[in-house]
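The two complexes that follow have chain A in common; it is paired with chain B in the first and with chain C in the second.
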Partner chain A sequence: MKAILSIAKITLIEQIRNRLYLVILFFGATILVASLLVGALAPGYRVRVIFDLGLVAIEIFGLITAVFGAVNLVLQEVETKTIYLILTRPVNRMSYLFGRFVGLIVAVAATMVFMALIHILVIVFRPYQFQVFLERVDFWHIYPLIIAMSIGKMFMTTAIALFFSLFATSSVSALIFTVSFWVAGHFGTELAFLIDTSFKGVAAILVHFISWILPNFQYFNFRDIFSFPNFSGYQYVGKAWMYGVGYASFFLALSSFLFSKKEF
Partner chain B sequence: MSKSDVVLTLHHLTKTYKRSHLGFVKRFRGIADVNLEIEKGEIFGLLGLNGSGKTTTIKLLLGLLFPTEGHVEIYGHRVPHPFAQQRIGYLPEVPYFYRNLTPVEVLDLYGMLSKMHPKSLRPRIEEVLSLVKLDHAKKRPMREFSKGMLQRAGLAQAILHDPEILILDEPVTGLDPLGLHQVRKLIVELNEQGKTIFFSSHNMAEVEKLADRVGILVDGKLVRVFTKDNWIMKEGLLEEIFLQTLESSGVSLERPA
Partner chain C sequence: MKKTTQVSFIWLVLSLGVIFFFRWQVEALFRWQYPRLTQLVPTPHFATDLALLSQGSHRLAADITYIQLLQYYGVPEQSHSHDDHEHHDHEHQNHKGRKETTSGFSNHLGDGIYSQLLTYGKRILRLDPFFNGAILEVAGALAFNIQRTEEARELLREAIERDPTFYRYRLYVAAILFRQEGQDRKLLSVLEEAIQYSDCPPLLENILANLYKKYGQFEDALKVYGHMIKTVQEKNPRQDAQRNLVALLHEHPKLVPLAERLLQD
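Right, the complex of A and B next:
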């Protein structure tokens, strides 16, 4: 446990001191503030636009933090051989992997929470429109849930990014594979529909297998808040998180198994 | 050599690399059937040309590579084993560190991973940084370090947890004459404290000065192991022995380096 925490701590420190991470944070914050200008283009829906754009930005920048964090810290560590000095100590490889994962997920969650706070400030910056918005949406109740669900998505994405960073041959391929999984993960329902309607026999089994490997991010899609004006399904949130943790655990277990066989 | 004096054993150690491309598997030898016993407190130097298998041997000792045949034992435990890893300090040929961290932070991480007690860790970090003459740079991010400073930081992390065996891959590479002198002095001091030292080098003069025993690797085979008595009487004799060994193993001394 001490080894996991030490590696997680160093991952977090490295991430915070990485200029790229600071640039990501800066751009994220800038986009959130700039959403005020975009909101001005839709006078009747100003807060809605700021709200939607902000949530997308929070998720995208969470994704960028996860992917670049994994690529920068893990893939580079293998390439520059800094990993030798860790693996030659009495630390099992699984602890190394979990430490990196915990550190990364804390960095990703911190990025998202930081951006969410700026987002809230930007939203309440328009008090009148915000008051109108509050009449339609139980904002203070639902907003933390949306962020929690977005972090849930990133929990899975970080496990995927870590897997590809350990086994991809270059940072570009790790990045492409992770982003492809992230994009494909948003089409779970469409894929299920395709399996039912367009494939038969072996092809159906194959596509079904692919759909099982891909994450299903639609369980976490709560950004369209207006469909759930008085949402109170904590049970659903719990179930979605259980799925997320299960999926991430599967990827971590797979990474751990393959990593134990990896030679340096 | 009694069995109890042996701290590190290589049993028929063989490593064959496999490279596959378009379904064609190509195999080539890393090292083949290496047998060796290292005694407690000795300094063993591994000599060889580029690509002779020195780094492969060291990686097998550390558990970074897995042997194709044979095995390594450290204090009777098959590598990789936490008991063995706890007793090893390793200096890579080119030590890379986390660029944004300071030496204190890096050593803190390595100390924790080596299961050192947090209370004893901080004073020990100060001690080793002072030993390798890096105490003045302890709060500087390591991206600002010169090659020589990185090499000394590498040595600091290798001795941090007071290991019984030091495995050093080209320990003097990239050091200026002063750094070289300091590192050599440190290696001798550590040996005087009872540490066993296994190192690889190209630098014949260093091996001549430091080693009690030398092994010569040629194309992955340990072709000759001999003690200090063979070269101590004349400066430069070790180089002569090395070249003779290469020639007798079929290596042309006229081949391009």
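Right, the complex of A and C next:
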């Protein structure tokens, strides 16, 4: 446990030193410029557009941080052979991998929370429009939940990216595989619909079973589904998070297996 | 089998169990209410829509479409293509009772055929059926600005199907019907209810003010303009309301104290 925490701490520091503050800065600049532009383009729905745009930007910047971080995390150390320095110490490979994952996910979550704070400031800065927006959206309750669920997505994606970084032959192919999972995960409900309409009986069950291997990010997509009438998301937040933990755990187990077999 | 392999295997099986159990649990509670991908409106912007949906961004895709709509509808139609003529003729044959104001183009904002307006409305509706304000704006523009009431009703019919909980759509349908039948008094009461909501488009407020003026209720018309000056966020309709208010005060100077009171509040 101590080894995991030490590696996690080092990973977090590395990430902060590397590029995280740049991501936050870039996000801040993007969202400020976008809010000025949007003000001119959609005056009636200024806050709505800034709200939606900001949440998508937080997720995309989070995704970039998570995927690039995860893909390079182990690959870089293997290529530069610095991994020997760690593995020759009394640290088993599983602890190393788990520590790396925890450190990265904490760094990604912290980045997303910082971006969310900037985003809230930009929204609240328009008091009149914000008041109108509050008539339709329970902002202070839904916003933290949206961010928490976006972090849930990153949790799963980071585990997937880590697995592909060990499985694929290069960082580019690992990136492509991860992004494919990301996109497929957002079409989870569409996939289920296609299976229901194309298959019947045992075949449908079998294909559904296979499709369940793909993540369903729509469960976590509260930034899109909170506006549904009779929104039921509050009832399954915990269960969705448990699903995410299970999913990340599955890919961590696969990564751990691959890493234990890897020869340097 | 080595110990690490065994641990990984047990870990994998347990994780799979957690995935399937909780996915089954969430699936029972999860209700997807956005239209299917196959129902998206095929336009030249289809690739953009799809790219945004691949990130799970229905709301943002609808926002961008709304901005595109404003750019389309906010610019006067200077000239029109052969396609527009064809579309216009087609509409004319299909929607009897349509007012003949669409036969020519002018340089005024909102004047013109705007043959793609319904397409933009449907695109927004199918990307985010809960972007009610934007859908009301398109329906209002179709029905009251360019007199294509059949298209407005078609859009509202689909909007009601997709979001039956938003009863203001029905209010608009009623307003369109009353307008079509020339029942101004009934239209007046429907519009009075509609402007109580913060997302009521300025277009409807203008129609209400004009109806008030038509029936000599100048104080009520003044209140509507005052309300628009205070609440409308778009610059152009707000300036129009200011101009209309000044014109009204020129015609009826005795309303000046009321106007001062209204604008001070």
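The criterion applied here is as follows: the second predicted complex is superposed on the first by the 227 of 264 C-alpha atoms of A that agree within 3 Å, B and C clash if a C-alpha of one lies under 4 Å from a C-alpha of the other, contacts with A are read in each partner's own complex, and residues count from 1 in each chain.
One rule holds in what follows: a contact is a pair of C-beta atoms (placed from the backbone, for glycine too) under 8 Å apart; a residue touches a chain by one contact, two chains touch by 3 or more.
On a predicted model such as this, the values are computed, not experimentally measured, just so you know.
Chemist: As a test of reading the superposition: which chain, chain B or chain C, is in touch with more residues of chain A?
Modeler: Of chain B and chain C, more residues of chain A lie in contact with C.
Chemist: With the two structures laid over each other on chain A, which partner does A:G246 touch: chain B (first), chain C (second), both, or neither?
Modeler: Once the two structures are laid over each other on A, A:G246 reaches chain C alone.
Chemist: Which partner chains sit in contact with A:F98 here, chain B, chain C, both or neither? Use first/second/both/neither.
Modeler: Neither partner.
Chemist: Is A:F193 in contact with chain B, with chain C, with both, or with neither (first, second, both, neither)?
Modeler: A:F193 contacts chain C only, not chain B.
Chemist: Give one of first, second, both or neither to describe whether A:V183 is in contact with chain B, with chain C, with both, or with none.
Modeler: second
Chemist: In the overlaid three-chain picture, which partner chain does A:I13 touch, first (chain B) or second (chain C), both, or neither?
Modeler: A:I13 contacts chain B only, not chain C.
Chemist: Counting contacts the way the document defines them, which residues of chain A are shared by the two interfaces, the one with chain B and the one with chain C?
Modeler: 92.
Chemist: Given the complex with chain C, which residues does chain A contribute to the contact?
Modeler: 38, 41-46, 48-49, 52-53, 56, 59-60, 92-94, 129, 132, 135-136, 183, 186-187, 189-190, 193, 212, 216-219, 221, 223-225, 227-230, 232, 235-236, 239-240, 242-243, 245-247, 249-250, 252-254, 256-257, 260
Chemist: Hey, which residues of chain C end up touching chain A in the complex?
Modeler: Interface residues on the chain C side: 2, 4-5, 7-9, 11-12, 14-23, 25-26, 29-34, 36-37, 53-60, 63, 66-67, 70-71, 128, 130, 133-134, 137, 163, 165-166, 198-199, 233-235.
Chemist: Write out the stretch or stretches of chain B touching chain A in their complex.
Modeler: Chain B reaches chain A through residues 59, 62-66, 82-83, 85-86, 88, 90, 92, 94-98, 100-101, 105, 108-110, 112-115, 141, 157.
Chemist: Okay, in this complex, where on chain A does chain B touch?
Modeler: Residues 2-3, 6-7, 9-10, 13-14, 17-18, 80-82, 84-92, 263-264.
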